[in-house]
Structure formats: C-alpha cells, structure tokens
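Structure in structure tokens, see below.
Chain nomenclature is as follows: A, B, C, D, E and F, assigned in order of appearance, with residue numbering initiated at 1 for each chain independently.
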C-alpha cells in the first residue's frame, strides 16, 4: 500500500510542478492546488499510514499518529487561504495588465524555424 | 451478528451495489446526454439508498441503538439530485447539445432553450 | 593625558559653529570658525616642547572591543608635524576662503565641510589604533567629496568629486583589508604594538598582501601613478579646497600612512620595489604632464602629483636619510604649494580666468601677488635659499645612495634629474606665462590686486618658504627630528640641515635641472607640438566611460537574468530544491525500510488509479480550463477518501469542504480570466519542465516511501494519553488543534482572516473584463436564477446550518470542529448567493463579515487570555463536567469558545471573499471586449 | 417576530437533529429544540414567502407514494439501461401545469425527475409548462396525464393552489 | 458472508467509478462530464459508507454527509458557470 | 510579568482584530490612533522584554501550559528578543511614516500592518518548527496583502510573482517539515536539536533531505541566489512604508537559517552536523556577487536599495556559512544595522520620489528638491551606512564579518567580495546622489508634497539609530556576542529549553 501511496504522491507532485511552471495564471493556480494536495498527503504520511485507527479515543484499539493530522489540517486551511488569495490576485493581474500571463505580458512567439528537408512543412508547399 | 441481520445487510448492500453500478453503466453506455441524465438520478438514488439502509442496520446493531442518521444523507440526495439533473439538463440545452436522432419532439429543445411555451398546434 | 582624547573632537564640535554663525557677517563667521581650530593648534603646540625632548603622548578609552576598535590617540613627532600642517594651513585657508568665496556661496556650509575635513585629517594623524586610522581615513574621503562637489551644479564638480571618492574609496577599502590583516597578524589593533612588531610582520606570510593592500590605500590617496588621475579633476573644487586638501593635507595622508607604518612595513625588497618605482613613475609623469597644462590649477595639480611621487620615492629608497628627506619635503611642499594654489586662486578670482593662454603679463596688474607667486614658484623649482631647494637637494643626495633597483640603480638619479628638469620648466612657465609673456587676452575682468587680507595667508606661507630656506635648522630642525624619530620608531641617523654642503654631485644635479628646465621651457613650442601629436585622453572621460561600461554590462546582465519571467524563477527554485535533496538521497541504500507494509486492496488501487489518471488529465487538459477543474475536483475527492481510509476523518471532512470552496473560487476566476490557454510553451520548454517535474515527483515519492516504510518514534503518544485527561476531548486531532497546539490554530485563522482582508483589498479597485459570452462565443443564458435551484437552496440552508452546528458541537470528541462547521456554513450561504444572487441576499442577510473575522480572532485570542486570570500561560484550557437534571452530564470547555472564534473567522473570511467577489458584477454587466 | 416562523422547518430541524445524533436523550432534545427555534429565526429573512402546507396528512401520503414510485421507476429505468439501446425511444414532452406556487412547481419538478423515467428539463418563463425528458416515451398523453393526476393534483391539494 | 458481499459490492462500485471516470474523460459535452462528476460523488458516498461497515465504525458518516451536501453545491456552481459565467451575480 | 514574552505577538494580534470591529473599524482616524498606541506598546514591551532577558536570561513560555517538547513554546532568548525589538522599533517608525496618508491607498492597511508585525514577531519568538511555518504564513499573507496596497500595475505584477514563488516555498517548507517529523518524531526545535544527534544511517540520510529543503525555503525568504529574483521588483514596487517594513522580511529567513542550522543542525547534530555549510558558502558568495551587479545596474534609488538588501542578505548568509559565534555575532549586529538603514532608505526614497516629479527616484536630471538640505543630509547618512563607511554603523558590521571570516579558507573570496560590494555601493550612491541632488532643471514645484513632520520624525527615528549603534557599539557588540555565544552553546539553546531533559 505504501508504494502505491508514495507513487500517487510523487505523481501529484510532478503534475503540480509541471503546471506551476506554465505561463498562465490559471494553470499555475491549478498546479499549486495539485501541489498542495501532494504536500498534504506527504505531511500526513510522515505519521505513517494506519488502517482503522482514527485518533478518537475509545473507537479503536490503536491510534494513528494524530499530530501530523493536526498539522495537515492547519496546512489545508492555510493552503486554502493562500489559494484564495492567489486566485483573486490572478484576476486582479488580468484586470490590471490586460492578460493572464504570469509575467504580465504575452511573450512574442518565436518565428518557426524552417528546417531543410522538412517536406511536410507548410512553407514548403508554396510552389 | 445474527444471520438474519447479516442477510438483510447483504441484500441491501447488493441491491445498492447493483443499482449504483447500473447507474454508472447507464451513464457510460447511453447514447446522449439527456438519456444519460436518467441513470444517475434514478439508479444511483436507489443504489445509495440501499447502501445507506444497510449501513443503518449495521450500525444500529453495532451501537446497540437505532442508528438513523444515514437517513439524512438520503434526504439530502432526494432533495438535491433532481435539481442537479435539472441544472445539467439546462446546461446541455443551453449548449444546444443535439439530442439523439430518434428523440421524439426534438423540436421542443429550442423552445426549452428559450423557456417559451410550446405552440398550441404542437400538442395536437 | 586624557585631554588628548578631546583634542581631535574640538574641530568636530567646530563643524557646528559655521552653520550657526553663518547668519552673522562673513568675517565674524570666519573668525568664529577659526576659533576652535586655533585652540586645537594651541593645545597641540603646548606639547611641542615635551615631544622635542622625545616624549610621546598616548590616551585611549575603550570603544568597540569586539572589532578591536578603541578610541586611542597618540601625539608624537610625526603626528605633531602633520597636526601643525593641518591646523596651521587650515587656519590660513579659513582666512583666505573668507575672501575667495562669492556672496552666493554658502560660507557656513563651506566652513562646516572644511572643519569636518580638518577633524578627519587630524583623526588620521593622531590615531593610535588601526581601525581608528581607517575610520578617519574614510572620513577624509567623505569630507573631501563634499568639498570637491561644493559647486555641485557644475558637471565638472560632480564628476570630479565622484572620481575622487571612487578612487580613494576603493583605496580605503583595500586599506581596511590591509589593516585588518595587519591587526590579525600582530594580534592587536593598537598602532604602537604593530609598530613594535615590524620583524614579526615582515616575516609573516601575509606580509606581501598586507603591504600591497596598505600601499593601495596610500597610493590612491596620494595620487600615485597609476591612480593619479583623480587629483587634477578634483580641481573643480573651490581653490581654498585645492590649497588645503590637494596640496597640503589630504594627499599627504597617503604619505603619512607610509611614514606611520614605516617601522612595521618598510625595509624589505618588496617595499623598495613597490614604493620607489611607483614614486619614480609618479614623479616623472606628474612633472612631464604639468608642463602641458594650460589651466593654472591643472599645472599645480600635476606638479603636486609629481612632488608626491618624489616623496614616495624617497620613502621607498630606504637609505639612511631618505625618510628624513621625505618628511622635510612634505613640510616644504605643503608650504609652497598651498601658497601657489592661493596665488592661483587670487589670479582666478581677480581676473576671471585660469587659462594660461589668456593670462599674460599680469605683473603689471598685480605686482605684489606676482612677487609672492614667483617666490613660491622658485621654491617649487628648487631655487637656492628657498625651502624647496633644501629638500630637493636632500632628495638628489639620497637618489645617489640608494640601491633599490640593483644594477639599474644608477637610473634613479638620472631620472630624478630629468624630473627636476621638468619641475623647473613648469615652475618657469607658471611665472613667465602668467605674469609676463605679453598682454592678457580676452580676460573677463580687468585684473587687480586682491583684498588686503586675502593676501595675508600667502604672505605668511611665502615668508615661511624663505625662512625655512635660509634658517632651516632654527625653524624646523627640532620638528623634523621629532617627526623622523617617530617615523623610524627610534634611532634617527645624523644629518645636517645646512643650506650649503659644498660643491657636490647633488648640487650638480640641481644645476643640470635648473639649466635643463630653462632650456626646455625656452623650447617649449617644439615640445608642445610634439605632445600635440598624441591623442589627448582625458582621464575623466576614460573613467566615466569605464564606469558607464561597467554599469551597462551590469544592466545587461541583470536584464538577462532578472528577466521578469516567473517561470524561470520557479524553475530555478525547484531545481535547487530537488538538487539539494537528491544529493543526500543518493546515499540511501534501499528505498524500502523494515516497517511492514499494509497489504494492497482493490479499493486502494482503484482510488490510486483514479487519482493518477485525474491528476494526469488535469495536466493534459490544463489548456481547457473547465475540464481541468473537473478533474481537479476528482483529485480532491480521492485525496479526502485517502484521508478517510487512513484513519483521518477530520482531514477528510476538512479536505472535502475546502475542496468545494476552492472549486467555487476557481469557477469564479474562470469567468474573469480568459477561457482558454493558448498553446505557447515551446516543445523544448515542455520537455524541460516535464523533466524537472518528473525529477521532483520522483524525489518526493521516494522520500515519502522511504519514510513510510521506516518505524517512527514520535511524541504523539503524549497526545493520545493526555487528550481526555488534559484536554477534555476524545478526538485527539481536535484537542491538538484547540489545545495542545492551539497557538497554531490561532495563527491559522489569522492567516485566513488576513487572506480575506487582502482579497477584499484586491477586489476593491478591480476593473474586470466580463466576457459577454462563453468560450464558444455563445451568449449567456437569460435565466439568472433558475427557480428550482432557488427554491431548493432555501430549504437546504436551515439543514446545512443544523449540520454545521452538529459538526461544531461534536468536534471536541468526534471528527468535526469549528473550522469544518464554519466552512459548511459558508458553503450553505454561498449556495444562496449562487441561487439568488447578491442583490437578493443583500436585502435579506445583515451579516458584517469583516466584524465576524475581527470578532472571531478576538474571541479566540480572548479565550486564550482567560487563562491569565488563573495565572496560567496563554491558551491554557479549562474544562469540566457538569450535570443538570433531565439533561444529564455534559462538558463545558474553554476550547469551545476558542473553536467558536475559529468558526466565526472561517465564515467571515470565506464570505468576505466570495460575497465581495460576487458584488463586483451585480449592478450591471458592462460587456467589455477581451483584449486578446 | 414569531417563535416559529417556519413551523415545518422547525419540525424538520428538530427531527433531523435527533437523526444526526442518533439519540433522543433529554440533552439532545433540548439542543434540538434550541436549533429548531434558533435556526429558523436566523434564516427566516433569507426566504421568499411560500404557501403553507394545508394538509399535512395528505403531504405525508404523497411522500410515501413518491417513495414507492421511486422504487418502481428505478427498476424500470434499470431495465431500460440494460436493454439494447435501439429499443430506446426517448423524447421531450411539454406538460402544462396549473400549480402556481414556486414551491409547488419545484416539488412537482423534483418528483417528476425522481420518478417515472423522466427528468424535468425546464420550466417555461410563464411557469405554465414543465418540459420533461422521458427515457422511454411510449405514450405522450399518458405521461402528461400521469404527471398531472398522480403528482400535480395532490400537490395542489396540499398547498391549496 | 458480509465480507464477501462487501467485497463484491466494492468491486461493483470500483467499476462504477471507472465508468464515471471514463465518461468524465470522454465527454463529449461538458454537461456529460459534470454529470459524471456528480455521479462520482454519489458512488463515493456509497464507498465511504461501505468502508464504515467494513471497519465497523460510524466515524465516516459525516464525510458521506458532507459529500452529499457539497457535491450538489459544486455541481450547481459548475452548471451556473456554464449558463451565466458569473456564478455569484 | 510572566506573560511578557508573548506580548510582542498578542499586542499586534489584538490590535489587528480590534481594528476590524467597531468602533475602530468605522474611521481611519481611530485605526491610526490604535496603530500608534499598539506599535508603541509593542516597542515598549519588546524593549522591556529585552531588558528582562538581559537581566534574567532566557524566558521559556509554554503555551497552553503544555511543556516542551509537547506543546508549543515561545523562546525569548537574546537572539529572538533582539530581533523582536528591532521589528517593533521598525514597526513603530514605519507606522508613523504611514500615518501621513500612506495608509489610504486601499482598505485595511492598519490591521494588515499589525498582523504583519505579529507574524514577524511570532516567527522570531517561536521555539517550534511547525509554529514557525504558521508564523511564516501569517507574515507572508499579510505581506501579500500589503504589497498590493496602493494598487497599480507594477505592484500587481510583482505581487503575483512574489506570491506564487512563496507558495512554492511554502509547499517545500511542508515537505521539509514532513521529512523532519517523519524521521525525528518531534517539532520542538530544542527537542529536534537533541534528537538529531542520535540519528544514524538511513534516517539521518532522510533527515538530511528535509534539512536541505528547509534551507531552500529560508533561502527563498532571505533572497539567496538563485531565489533572489523576486526581491528587487517586489521591494521597488511596494508602497514606501510597506517596503520599509519588508526590510526585515529577508531577515526572518536569515534568522531561521541561524536558528535551524546553528541550533538544530549545528555542531552537535551527529551525521547531520553543519550540513548547510557546503551549500551556504557558494550560494552566499554568489548572492553577494549578483547583488553587487544589481547595485551597479540599479537605475533608481528603490531598486538600488532592494539590491543592497540582497547584498546584505548575502553577507549574512556568509556569516551563517562561517558558522562560528563570532560570525553569528557579526551577523546579528549587521542584521540590525542593515535592516534599519534599508528601511530608512526606502522611506527616504519615497520622499525623494515625490519631490522630484516625473523623475521619481530614478537617477536622471530632475527638478530640484524642496527640502534639499534635510533630504540630502538624510540621504548621506543612509548612503554611508549602507556602503559601510564610517562614521555610521555599516562599517562595524562589515569589519565584524571580515574578521570572523578570516579564520576560514573561504576568506579569500569573502573579503574581496564584501569589499567590492562596498565599492559598488559607493559608486552607485555617489552617482545617484550627485545626480539627484545636483543635476537639476526647472524650479521646484511648490505644489508637490514636501516631507511632512511625521515622515521626518519617522525617518529621523530610524536614522538616529545608526550613529547610536556606533556610539554604543561596544555595548551592542557585547550583547550580540553574548547572544551568539548563547546560540552556539548547545546546553543553553537546546537542553535548557527542555525541562525534564538533561544532557
């Protein structure tokens, strides 16, 4: 089970990181949200996984580590606050700057590089 | 746990499971959005009710007292599922999603979209 | 001898005098300004007798022992010599400046800067602590900057001042390094200790570095080649400043430094090489260039450079008497050069020009000044009976005795004579070209003699030139001896200060120089023509363009690196993080540890597959925004399932409710952001980012797995053991939140509250783009508030509130609590907003969300403060069990109040965010076209 | 302000609280009563006026009937789902409605969605027509009749309009 | 028997969830996807309740309740967005 | 006064909360009054705390009466108290400045300011590593909100970058904390310090990854290369009082580095001993380098100040890399100095920008100042302090750093870099200063804002501190020396904070 869990955390992290590195604020926000899921799962896992061991006294024989749970709770709330702020900030940036690129200006697309021998390229079909 | 209770729980669970599966199966299988809408709103409500009832029975037995709070979930679902379906249907119609070709009265879709009354002669 | 401590501070006090006195008449101001320096000079002179008898005075009080800095002063021969120069010439300059400065110049400011400089300079020469020397050294740079840029509205002045500051500042930093190393090598920053440890210093491995660094400081300050270029440009300063700083005092600070550290650093081959060669180069360069200056002050500036080179050369030669000669020339040069500068200033002042091509035949207009200038010039040229002659003669003598260049040592006297030739030539030019040589050309003013008292300082100095020149032993013999004794830290070789030593080689050299100079000057036209062939490179321009070049390159570099691309910054941050973590991680032998793993089940696999697929789908569809939002919701859902599965019901609840609010927020954002993401990442960037993402993900996954498969011994058993007894609740997670670590929670709700305030702030002035249709260009539906949704939402609200009350109340003992309850309440209210719109709610709900936030935080804090009444630390909780008839046993806990605060803050914050966001669009919808 | 501005809701809340807590202890009854009074007082302002339930017993019977219908409808729909799709004959129907209150219409629409193989798709602007999508539309008129008699009529009775 | 039933039903629900996900990915319309998500919420509720039966605890009831409540809210909000763009107007 | 050590957190917290409630929420005037009272009370209580710590030693405050390592404890020690006092002083001065209508550019300036102070003080005082995270977030979210105060495109733009980068940073922080807890099973810093020493083998290896992540996080806050990019634009675009307050934000990162890598992963950390050092050295030196290049390239005073903040961060990181009590002492002195000086300079830059019309703070020809003498004097003081020239406090800090670096092999890099950075600052300031103060066209416009009394008082308050730091340099360096010794004394900074645990 731990393997699957860890794999999922890793994958979520990777997804989050990739999106965080995109250029548009919405993608970045989604990426940060994914990243925070991964973070929460990771932090939670630092107390080790236990089945049927909710830390409610009297409800089970053994208790999972309650401390990371409390930490994750705090982290979730803080993460929510931060996400909310960055979402609105992204809107504000769009309003102020006229576009939603994180750098405030849309990068100019580079001219396509014509390659020799690329027969399928549209530029080649001019004749 | 007495056998009869276990049987009741299992039957309820199975009913629930089957209907839930059917609901999702319908969702996956049915040909257009309007027909698909039916399966979760119905099959799944019944399915979830089955599971809830079995849970109720189980926990009532386990706690030694009546456990009925699951009913609240049913209540919520019964209240909300139709509205959710309505909203989704509204969205589909707003997006002018074409209904299945053989749908009867397909021309009504444009009326529905504009929330107008159907013409008198349509009913004839 | 404590009074010594206050000695240098008298001028510091004096900086305030002119500022106050500037309201009085200029003369009064000048006299008041002069009072404190005069007093200081008097105090210094009062020690003369004792010092001549070989005494030295020390005084110190501790200041900052941590860096080895103590307020330590010494008064010995060397400091005495320099103090007299600083104060004496300073007083003359004050008098001179009174007449020099025009009415529109602020004389108070000028005097104030001047006295500040005097203070700094005095500090340098009186210091007995290495760091303190540097302290005052830098002060001289600063105050000289202020003086040079006194006419800051002139470009010349600004540039000259900047250059001087830069060069001397750089030297100062090198000096600092050198002095710190020196102090470290010796183990003490006390100057006397350092001077007494010469052998140890010279033997240490750090000696070459120390020497180079200290000499850098000295050479830059004393305008030695190749750092000499700042000095001529500093001539943009008012002439009194040039007379004072750039002839008599500041430029001598470098000389002073070399003299001061003579016992500690000199007498090695390296010293000889560095100092004498630099001095020689400076001496020749300065003398040669001086001849070609058309600006009167320019000539004097280069001449100063040349003379400073001469002194440096003397200090570097290491012969018996070279140091004595150097000190003697310091004195002489200060006297004649100050007077020359003053004379130049008078000429400038009275004729309006300093250009020697315009200035001709001034003898007719100002014969008295001309006489004074000619005497001083003669001293500069080294004409007998003048003080300049004596020290130059000593210089020639020493060049013959040195051996610093080995077999090439013979070149030194030859080159020295050559330098002498040019010295005579430019001195000749100063006299002939200005006072004779035809008539003035296009002078702005008709020249005349200066005011009486403007001449007095010049007269005094010129008189000194003659007096010293004729009666050297009587006038300066003791002083020179005392200074030399201090410089050499003890034994002074015997020498005689006679004006006539008979016919000898040095006299011959003097004669050659004299005749050669006259010949050179007579044939100056050929030389000028020759010199004109070389491209003129103004050091100022070179320096400026060098600075500009560096600035430009720096700017290019900065724009290249700090290109404003968040993607780059984030990439680098993550890259650093992952590199730093993987390096230790690679030493992990096996990923899996010994802790037994939980067996895998179908449900978990399903959940994991759903999670991973949804996560990937979110990435793949990130340009189709709504879709990625849907898959993101699935991810959130599965994450909460995972929490539930692994025994964290509280987390599951929280995650679920946060998830919904987040999605709602993101949907709101979707409306105001462009609907789609254009495809703009280049394939290369995508691959690069994918690589980093995989790298990070892999690392995180590995660490996560490694952690989970290893046993952990943690403090958490304490919490399960004390939750009920100490915290009064059975839900340990909640007890941690409101009790064990309630402080975290207090911070957390504060974060939430602040976020809401911040968002409110962001929304306040937002100009939104409101698309008139959806991403496919379809106009929006007309039905604002579908009736079914509206009606159902109304009936859901009380139920939802009840559920949140339920969740709130049970939190302490079962999964739940104020935070989740708050979110449920918020979601229920948001649902009303969605169903009915802002207008509808506004008339029906009268909650001030801001007050909710404030009171929430306040209640939580106050519940924590309650414990103070019982003399317990903040947030100490209280709980007890009560029983009432009918109702039975129940618990009351202060943590509930805390949780109420949490609840209120959460509701207030969430609603402040969402409701205000909604309000933006209520009144009407101006359809603004997208800008893209 | 009345103590019970929404008596039906108060009752519902009272019951739901006890349901939630699985308990009829005195303490919970007190709490239930408290919330049954407090929440409606708070929420009352956030409600549009709705007609009162005039015939509670009739309402109760209606609920039971709908529950039975849900069961039946679900089985029917399940069957339709499994059957080959080609037999499916979906269609839209416009049902004229006479019930006037928003609440009534909503309950009707919801009931229709929950029960006989139909989903409420829209209500016309004039609130005279309920558009319904049927999964398997065999007799249009029959369906309209069924909805009007089996669901709309009792609702009109219950709310008296 | 109970465990076997639970296992079978769990498998059913897992299949159901995969079917939902398939619909979510496939679409073709956005309404289909929202519907799929909505159905997924319901299946999740069932899953949680079953897990509660499996481990014999009622601690997860609230999670199920919350999904029921909140799933609707997000479905409604998504639809509102598609209809009107601005969900709180 | 057993509760004294929590005052620096509670005072701003309560003030902030009260400002959201009537009657304070009604008018700005009332909020201003509360702000002044609050920041002043904060200053007084911090100073008093400092005095108490000097007299009676470290004060441990166990929140909720739960003893460490189980509960959260505040640790008022010589280091944290010094920084708290600094923050409070800064807060008070900057607040005075802000009162001159700088608080009008948007809602909630005063509560946000208070919360910002609360976050900063909390981060300094806490003895718990997760609580440190929480206070980081408090100060960050407050800084996000304050950053957009006043509005405008550049602010929004830089805020977006700042926020997103810090969100990434927060994620990394939590990853790091997860690893730390997952290997050590505790959160109290003293307890971590004690336990980390016994970590061995694979657990130690894992803990290293956590420690490395924390360094990245703190480095991001401290603007350590390559995570410094956000700083110049962010600080240059912020409103003056905000930028001035931000001067201490990088120091929170620096402080955390000292706290974590001296106490927890310091000499006693067994396999993890001094793990940050090999990273800190190159990164610190490169930070100084890039900051210096930035200083030279700065087109205006605000950017210049921001780049100087990077340089000072680099210098402080060098101290952390040296890892000796002398270096820590140097860092503490330099930190206080550079915070005050850069803060004053940010405020001054605002005054300058206002009086120069279109030229703002850029180093170009402009109309003359209206109060050239006063502003020039203040500018000179700031410049000298920032360059590190006598007679102002910069030189002492710089000398302390140089001296402490001398024992290390890297001093061959440190010395030239620090000295060259000083030279760069000298060049930049002399270029900028001469241009701004002496290169004029036109006449001073009487309509533009002159510096108002409160602004002058605020800047003056900060500036007076700089020479005082020299005059009382002996006492202050004594204090920093003691504080540094405390931090490097494992018994004092770890065992003594764990009642019931002894070495």
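Here, a contact is a pair of C-beta atoms (placed from the backbone, for glycine too) under 8 Å apart; a residue touches a chain by one contact, two chains touch by 3 or more.
If you're wondering where the values come from, they're calculated on a predicted model, not measured in any experiment.
When every chain is reduced to the mean of its CA atoms, the largest separation from chain E belongs to C. When the C-beta contacts at A-E and at C-E are tallied, the pair with the greater total is C-E. Averaged Cα coordinates give chain B a centre that lies 71 Å from the centre of chain C. With centres defined as mean CA coordinates, chain B is found 33 Å away from chain A.
Rounded to a whole number, the gap between the C-alpha centres of chain B and chain D is 14 angstrom. Averaging C-alpha coordinates per chain places the centre of chain A 41 Å away from that of chain D.
For chain E, residues touching at least two other chains, in rising order: 17, 30, 34, 59, 65, 69, 72, 76, 80, 82-83. Touching of two or more other chains is recorded for residues 130, 134, 137, 141, 144-145, 148, 151, 160-161, 164, 168, 175, 178-179, 181-182, 187 of chain F. Annotation for chain C: residues touching 2 or more other chains are 564, 566, 570, 574, 629, 645, 649, 668, 670, 699-700, 707-708, 712, 714-716, 719, 740-741, 744, 748, 751, 754-755, 758, 762, 781, 783, 786, 788-789, 792, 795-796, 799, 803, 814-815, 917.
Inter-chain contacts, as defined above, occur between A-C, A-E, A-F, B-C, B-D, B-E, C-D, C-E, C-F.
Residues 55, 57, 59 of chain E touch chain A in their complex. Within the complex formed with chain D, the chain C residues making contact are 787-788, 790-792, 794-795, 797-799, 801-803, 805-806, 809, 832, 841, 844-846, 886-888, 890. Put simply, chain E touches chain B in their complex at residues 1-2, 5-6, 8-9, 12-13, 15-17, 19-20, 22-23, 29-32, 34-36, 38-39, 42-43, 45-46, 49-50, 52-53, 56, 58, 61, 64-65, 68-69, 72, 75-76, 79-80, 82-83. Against chain E, the residues of chain C that register as touching in their complex are 602-603, 606, 609-610, 613-614, 617, 626-627, 629-631, 633-634, 637, 640-641, 644-645, 649, 652-653, 656-657, 659-660, 663-664, 667-668, 670-671, 770-771, 773-774, 780-781, 783-784, 786, 789, 793, 796, 800, 803, 807, 814-816, 820, 824, 827, 830-831, 833-835, 837-838, 914-915, 917-918, 921-922, 925. Chain B meets chain C in the complex at residues 72, 75-76, 79-80, 82-83, 86-87, 90, 94-96, 115.
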